[in-house]
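Both of the next two complexes hold subunit A, though its partner changes from subunit B to subunit C.
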Partner chain A sequence: MDFSIQKKEKNTVRKHFQAAIIGSGPAGLTAAIYLGRSKVETVVFEKVIPGGYVVNVEKIENYPGFVEGISGEKLGKLYAEHAEKFGSEIKSEEVTKLELNETPFKIETSRSSYTSDSLILATGTSNRKLAVPGEKEFTHKGISFCATCDAPFFEGEDVLVVGAGNSGVQESLYISRFAKHITIVELLEFPTAEPILIDRLNDNNKIDLFTSHLVMSFKGDKMLSSVDIKDIKSGEVKNLKIKGAFIYAGEIPNNDLVRDKLKLDEKGFIVTDEYLRTSVNGVFAAGDVRNTPLRQVATSVGDGAIAGYEAYRFLEERK
Partner chain B sequence: MGLLSEEDRKYLKEEFNNNINREVKLLYFRNDKNGSEYSKQTKELLEELTSLNDNLSLIVESCDNTEKIKSEELTLCPSIKIKSDRSGFLNFYGVPAGHEFISLVEAIKDMGSDNLSLPEDVIKSLKEIKEPLDIKVFITHGCPYCPGAVRNAHQFSLVNDKIKSSMVDANYFGELSRKHGISSVPHIIVNDKKGFVGNLPPDLFLDKIKEALK
Partner chain C sequence: MTIKVYTNSSCPYCTRAKRFLKEHGIKFKEINISTYPQAAKELKEKTGQTGVPVILTGNHKIVGFDENKLRNILKIK
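Right after this comes the complex of A and B.
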């Protein structure tokens, strides 16, 4: 059994900040570190847990400096500790509304209201839903989005994983420690995960990969018990008996707060320039929520640094 | 060599010294029939923890002591109940290992102090609860979201003695998990009936609990 420690958040009653960051993933917390070191009064709003989506990742192996890899959850804690060290405040409050028409920007949370002279959106992405029959009905009744949380429920069972990108393959390898057998279903003709992950996938005799397949529907009574998948080349539909399904079929941007306020691209990602400025002066976007060619911890950290620095420059120029 | 690293022992000692100002008893009901290594390691861990501060003590009982279990208002075994003269029902069914270890540490600190880190509006709302409320937070040791949910429930119990809060190791108590149809965590079961999945900030967490009561 393993035992580990984490630090507590320290909150003030302050209602106005020079910089507000929405999202406490790698981008948001890196921006907080940079702003804190620039002596900018900064708040970070976190919805659930510091680290953002990265806490779901059992081991991050491509983040420089951690040769043996590091758990996403541990990395998230380190980021939060680092941001707090330089004075940023992390509030466990869900932001429900933003008003960006004038400065200071208004921020409403589920509990209170705040204002800020600048804003960084680092709200990340959510797992794309498949929008197939049974998906909603069996979510949390066999369908899951967090392997590190829920894989132990499927000890000795047959499991489906949707998506053969980095997340799908990496999580399949993790789930294989528990499950009897895993079927990965990928819509494309080939898996898009990194070659090193594909090698591990090929070496794992518990996992089968079906490319050019899509999920038609999830079935069951009270709990998930099977899935219909279709071979898009032959048109053949198969029913697989499964107890669990994990869905990693791409991401959608968490843009609810700014959908009608900022310029978005055709997929809903926030459009930024190279300084990570958005279509509203004083509002920046960083990390997975913006239009970027690669969504990784390393790229989010880079974004956070730029957004933090540019928010600081914006505040300085206003003086 | 103990279960805690030297670095963690040092950190915990400092945390306990800075936070604990009243006697705290860890009441551990152990189950030697079902997983003796599990039980042995848990006892070792609790011994190590309670050795770090003079205000902490450990009482070990057997799951066979059904009278005592009943008198403590517990329904499952093994369990670790954290007690002090502060009002609050803070309990762990199974072992709070992995990510849940921090929940145990926080519960000990809470019961040994006057700490309360809930917003005023949530405290007010919790005080208005008149009927008994049993919150069970089902967890797995690898779930990073679960400690936040356990912490919310435990803090709620500190505000109102009508509220009982327990972490439940979903894998150890597999049958109970299956009975509630649990396959995702944190899964919060209210009054052994309805529930919801996921952790939320305290105000929204309370809203969900109230919704489950309807």
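Right after this comes the complex of A and C.
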């Protein structure tokens, strides 16, 4: 039997795909599972490791089926394994440029160039920066955006956490295993985290919450040593001595690749219809990067299923 | 050239950096701050860094996972 053709195909690096997915979080990898099961030649481009933003979460407790919770990193690995099982290829290459004017769409990455007949954007969000004096200067010199990465550096120290949403409160609870004391600063009059997390916050005697407070500036010499915060009701400014700060002040969409190519809403999220179609035919968006009322693993998985199915239907209709 | 990589088990960029080095057959010594908490203190005192990964090689210090920088310093095509 002659295996030469099969062998040649296996050794050839594929440069064209029927579907390309940018982003390997819950939305992107779910879309890959659905496309793989539809026998669509699919590639997923990942920037860091499978899982997307979720890999920063120590334990996800509200994703159905995992009664005791599951680590974000483990869930990401399971998604990747599942997508590969059904034939999708995952490439560790950062996409640097897209051309959407004509099909096949052109994709440039940090290592190569590809084309694809359809595209799913699942690039997620990043932590919003505060844009206050000292933030840039002291990043990695006291300021961090990843508690699961950097909390051990603050063993026995006083730490600030900015934001009392789900991320801010959940990460404060994690940091409290290391830090001596944590002050959470929230701009709003109330925390917006889930009530179950607020209960845990109230039960933790290492954490204080200041609502209606604004971070004015981070200070220090070579390393972060204090922060000025302002009570927006009274106007009083306080200086807190801290060695570390973790910032969870909301999210911004990772829309750099499509900012001038797709219709975005006023906050920069990609506008889609109910079939997750964007303003360009054949381009879909799924998960946190699109205009959606809730950004959770569960909603991203739902988005990925719809986007994968709709990309498949788009490809079928073109035949 | 000895390469030291300071990591944390739950840090995605650390996982990515280690995978990159392994993929290119580069040997390195891993120092995990969650296994050796003293290493976090030492790294902070020695380099002024409070984030991982930190990759130390020769006179170079690479903070975070920066593929282009790693390729340049380690001469990977």
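Here, the second predicted complex is superposed on the first by the 307 of 319 C-alpha atoms of A that agree within 3 Å, B and C clash if a C-alpha of one lies under 4 Å from a C-alpha of the other, contacts with A are read in each partner's own complex, and residues count from 1 in each chain.
By definition in this document, a residue touches a chain if its C-beta (ideal position, glycine included) is under 8 Å from a C-beta of that chain, and two chains touch if they have at least 3 such contacts.
From a predicted model like this one, the values you see are computed outputs, not experimental measurements.
Student: For the overlaid complexes, name the partner, subunit B or subunit C, with more touching residues on subunit A.
Tutor: On the superposition, B touches more of the residues of subunit A.
Student: Which of the two partners, first being subunit B and second being subunit C, lies in contact with A:Ser144: first, second, both, or neither?
Tutor: In the superposed model, A:Ser144 contacts both subunit B and subunit C.
Student: First (subunit B), second (subunit C), both or neither: which does A:Glu81 touch?
Tutor: In the superposition, A:Glu81 touches no partner, neither subunit B nor subunit C.
Student: Of the two partner chains, subunit B (first) and subunit C (second), which one does A:Glu194 touch, if any: first, second, both, or neither?
Tutor: In the superposition, A:Glu194 touches no partner, neither subunit B nor subunit C.
Student: If we overlay the two complexes on their shared chain A, which of subunit B and subunit C does A:Lys222 touch? Say first, second, both or neither.
Tutor: Once the two structures are laid over each other on A, A:Lys222 reaches both partners.
Student: Would you check which partner chain A:Val55 touches, where first means subunit B only, second means subunit C only, and both and neither mean what they say?
Tutor: Touch partners of A:Val55: subunit B and subunit C.
Student: Once the two structures are superposed, pull the subunit A residues common to the subunit B and subunit C interfaces.
Tutor: Correct list for subunit A: 48-49, 51, 55-56, 58, 73, 92, 94, 110, 139-142, 144, 146, 148-150, 152-155, 222-223, 244.
Student: List the residues on subunit B that touch subunit A in their complex, please.
Tutor: 3-4, 8, 11-12, 38, 41-42, 45, 95, 97-99, 101-102, 105-106, 117, 119, 121, 140-148, 170-171, 177, 181-185, 187, 197-204
Student: Name, in rising order, each residue of subunit A that touches subunit B in their complex.
Tutor: Per the stated touch rule, the residues are 1-6, 8-9, 11, 47-49, 51, 55-56, 58, 72-73, 76, 92-94, 110-111, 139-142, 144, 146, 148-155, 222-224, 244.
Student: How about subunit A: which of its residues touch subunit C in the complex?
Tutor: 48-49, 51, 55-56, 58, 71, 73, 92, 94, 110, 139-142, 144, 146, 148-150, 152-155, 222-223, 244
Student: How about subunit C: which of its residues touch subunit A in the complex?
Tutor: 8, 10-16, 19-20, 33-34, 37, 40-41, 43-44, 48-52, 63-65, 67-68
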